[in-house]
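Listed after this line are the structures, all set down as structure tokens.
Look for chain A in each of the two complexes below; its partner is chain B in the first and chain C in the second.
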Partner chain A sequence: MKKIKNFTIRTDLFYATEEGFWLDITGNIARIGMSPLVQETTGSFVAVRFEDEGARFGRGESFGSLEAEKHVGHLKMPVSGTIVAVNEKVVENPHLLNTDPYGQGWLVEIDMTGGDAGQAHLLSGEKEVEAWFEAEIEKFEDKGWLAES
Partner chain B sequence: MKTKNSLPWRLVCEDNVSAGYGLAADEYFTSAYGAEKTDTEATLRLYTYRDHCALVGRFQHIQAELDLEACRAEGIQVGRRLTGGGAIIMGKDQLGICLASHSKRFEWTTIRDLCALLSVPVVNALKKLGIEATFRAKNDLEVARKKIAGLGVYVDPHGAFHFHTSLLVDLDIPQMLKVLQIPVQKFSDKQKVESVAQRITTVSREAGRKVEMAEMRQLIQAEYEAFFQVQLQEKAVSPEERQHIDRITEERYQNEEWLFQRSPQADMTGMSLKKTPAGLLRTYIGLKGETIKSVLITGDFLEDAELFSQVEAQLKWSPLDRDAIERTVTGIFIKNNHPNLNINPEDVVNAIWLAGQRAHAAERYTYEGSCYYPEEGER
Partner chain C sequence: MEFPLPTASTEETKKISPNYVRLSGASAMALRLQSGRFSRDFDFGGINLLLNYDNGCLSDCGYCGLARTRPGDYEDKSFIRVDWPLFETDLVVERMAKYAQKLTRLCISMVTHGSAYEDTADITERIAAKIKTPLSLLVAPPTLNRERLQHLKDLGADMIGVGLDAVSENVFFDTRTNVPKGGLKWSNYWDIINYSREIYGPWKVNIHTVVGLGETDKDLIDMFYELKSRQILAYLFSFNPEPDSRMGNHPKATVRRWRRIQLVKHLIETYDLDPRALTFDEEGNLIKLESTAARTNKVLTTLDAGIPFMTNGCPGENGEPGCTRPYGSYRPSEPYRDFPFQPVTDDLVQIREELDLENLMSV
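== the complex of A and B ==
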């Protein structure tokens, strides 16, 4: 865990920087969740839905949708895989995405077996993750979308 | 403000559309940008629904939000939007403003950012009528703390989006109350109308005259052209486009699975009555799972209290969490320099929390039943 400004970020995980997701990878299984910055800049989540377990998606395909502050958008798969578990707790209580993004607010678990081996785009490494996160914070601060620390 | 390319913008004007067609056309234009099958930078659709259509938000529970029996009796069509937010009634006096395009064509960082940018022309159009509208929490436009328009954004998997504004040019409040379930069912009809009129306003009311839809439409068009430095080219929906829209209408918006889909979160309502030095504080709350979807704070002494309107707006779509409620209420009292209402913030927090707890413990909504409202005498 690393404290960067007002955020606590895990630097031991992989990050899909385009989608703002973290991936906790063990073997071929990846647990996916949202980075704390995404939840902060998106607002209070009121609904989240996932596609069914067993469904397979390519990178960039929608595996669910969510609502925050009357914005409805899709959750795009950061790597190819088959959904093996969805977090029912977060479906029942979407605020977990805001309050516990690394813990109870995880989204889905996927099996990456047979995928397109497209993981090279994922960011990892303590220094790399830190640098990316700091740059992201700066970007949002410049726009005035983050509270002053 | 200019978009990234210099392609022309398209204008589509329609009236008296059905619930299904109205929603399907918004989706059709959005998907065209997602598929990059369009030679225009954006499409601005200015349209009205037939009198009347009741539309719920993307993830709402339709039976909990609408009195479907009343809708049938009144001939009101129902629909489920792609955008989020609460249930609304649309008809000839409410202008639907839908801007469809691709997110990569605009300079933005967050969805809030995009929403703020795209609503500037609406705010400017209202200004031309002498109406000062501002953003309110959770994407509404308000005038003196009263909602005048609801905003919503849908982004498809390809990055195409539509930004929708439902602008209340006029509003038949009694008609709205016939079909929308609001958590004040114990109120008399007059009280209900007053309660809504305290929280919602219209363009005509603020302008002090009847504003015609044609005038409103022209103003919106002109302000979009001025702000984005484009000339809108009006082009009606072609027969081929109509076919696509009709197919989407049939496949999605008239499909009962879409309309009546179940929400994983239960809808519940509750209320509390609390004696304060200023009088009786009556608080109603509507929950969706652990989320507050609406709060109404009433009491004879509160009629002009802007502070409570701020509390209601700020708590909408926020978590049912005592600390969060306390932070919101205390913050608003501080911001308003602790107005002398003979009510302290703790009383308000306790009233909201109690209503929330009662809602949470209440019977959950089922298809067979209706929303649960505690008896008025219950304390």
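== the complex of A and C ==
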């Protein structure tokens, strides 16, 4: 865990920087969750919906949707894979995305077997993740999406 | 009706107005007091403050999230379906001063409470001392009289809003008077509307009118003509059921009805639509719009570039849309009921489908 400004970020995970997800990869299985910065700037979540287990998606395809008080959007798959588990707890209580984005607020688990092996775009490494996250904070501050302390 | 006053010890220990206020989520985002963003990017500068008391609003309107008998503590209650975070008033004023350049309209919403008038006056003074952005007050009529309305104007408020909501006396009685606790009076609301019109002047008073509380189309349209004749603004809202409120299971107005009301209101207010162009059935439903006037027909062709479907709200300093309440009457995942920005081409295609004008004009 690394504290960067007001955020606590895990630097031991992979990050899909375009989609704003973290990936915890073990073998061919990846658990996917939302970057703390994306959850913070999306606002208080009120609904999350996932496609069914067993459904297969290419990178960039929608595997569900989420709705916050002032925002709605698709969840776009950060790598190709088949959904093998969805987090029912977060469906029942979307606020877990806000309160525990690395823990109980995970989204889905996917099996990347047979995918396009397109994981080179994922960011990893403590220094690399830290630098990216700092730049992201600056970008989001410039957009006016982050509260001022 | 009498309302309890908070005790001194309550004021000292509770986070209540005037030293604390609630902000709409969008306002908190605009003032950078809360992180967040909108689904579609647009400029937003309409800041809405809501008075806060530990015992809440003492009215009990059937459709309102703040209703006295709605289950739950006041602090946890939503208003127009979303949370209103609580902040220190001075911090809010400080942020409004910091971001004054992008603010278009400020508004303090009162609730029915014994301290509401004094606290609104206090907060109005704090704002007017530091910010020039025009300030509206959405008032709670049971707490006011002519002198108080004049005093609030003297302190810096330039517009008054009255949440009449129900456009007929019958619907008002059913939803706001004949309630378990804290019933309101139609006559009291109209007294305050009339005083406000006298004191604040033409087009400086607005009446909130809600579509979907049980009124007919004719009730709504008659009200638009009446208010226009008195140079009072009508602001349109779409009923959005508040979970656990007494009307929590009451259906919303259909999108088709809502869009037609928006369009006809625009034709009345902007193009003096002849009332004879409108035909209603025995139950008061609008069944035909027959227009022979060229300028009205042009609107029906162009939809006036989407302006009829934008949020009704108090204007900014130069007449631009000031209060736009994004996602106030619908969830982000639902179609925009009122647009906080000018609709674009794709929006207009959808609006035209929703209006089903051919059907309305060919009956």
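Going forward, the second predicted complex is superposed on the first by the 147 of 149 C-alpha atoms of A that agree within 3 Å, B and C clash if a C-alpha of one lies under 4 Å from a C-alpha of the other, contacts with A are read in each partner's own complex, and residues count from 1 in each chain.
By definition in this document, a contact is a pair of C-beta atoms (placed from the backbone, for glycine too) under 8 Å apart; a residue touches a chain by one contact, two chains touch by 3 or more.
The structure displayed is predicted, hence computed values, not measured ones.
In this superposed model built on chain A, chain B and chain C take up the same space, so to speak, and clash. Once chain A of one complex is fitted onto chain A of the other, the partner contacts of A:P94 are limited to chain B, with no touch recorded for chain C.
Comparing chain B with chain C, the partner in contact with more residues of chain A is B. With both structures placed on the common chain, the touch criterion links A:A47 to chain B and to chain C. When the two complexes are overlaid on their common chain A, residue A:K139 makes contact with chain B while staying clear of chain C. Of the two partner chains, chain B and chain C are each touched by A:K70.
Contact with neither chain B nor chain C is seen for A:I83 once the two complexes are overlaid on the shared chain. Stretch 328-336 is the one among 256-264, 328-336 or 364-372 where chain B clashes with chain C after the superposition on chain A. Across the two superposed structures, the residue set of chain A contacted by chain B and also by chain C is 41-44, 46-47, 65, 67-73, 143, 145.
Put simply, chain A touches chain B in their complex at residues 41-44, 46-47, 49, 60-62, 65, 67-74, 76, 91-95, 98-99, 139-140, 143, 145. For chain B in complex with chain A, the touching residues are 57-59, 82-85, 109-113, 115, 138-139, 150-157, 263-265, 288-291, 293, 317-319, 321.
Those residues of chain C that touch chain A in the shared complex are 25-26, 29, 32-39, 82-83, 326-327, 331-333. Put simply, chain A touches chain C in their complex at residues 40-44, 46-47, 65, 67-73, 143-148.
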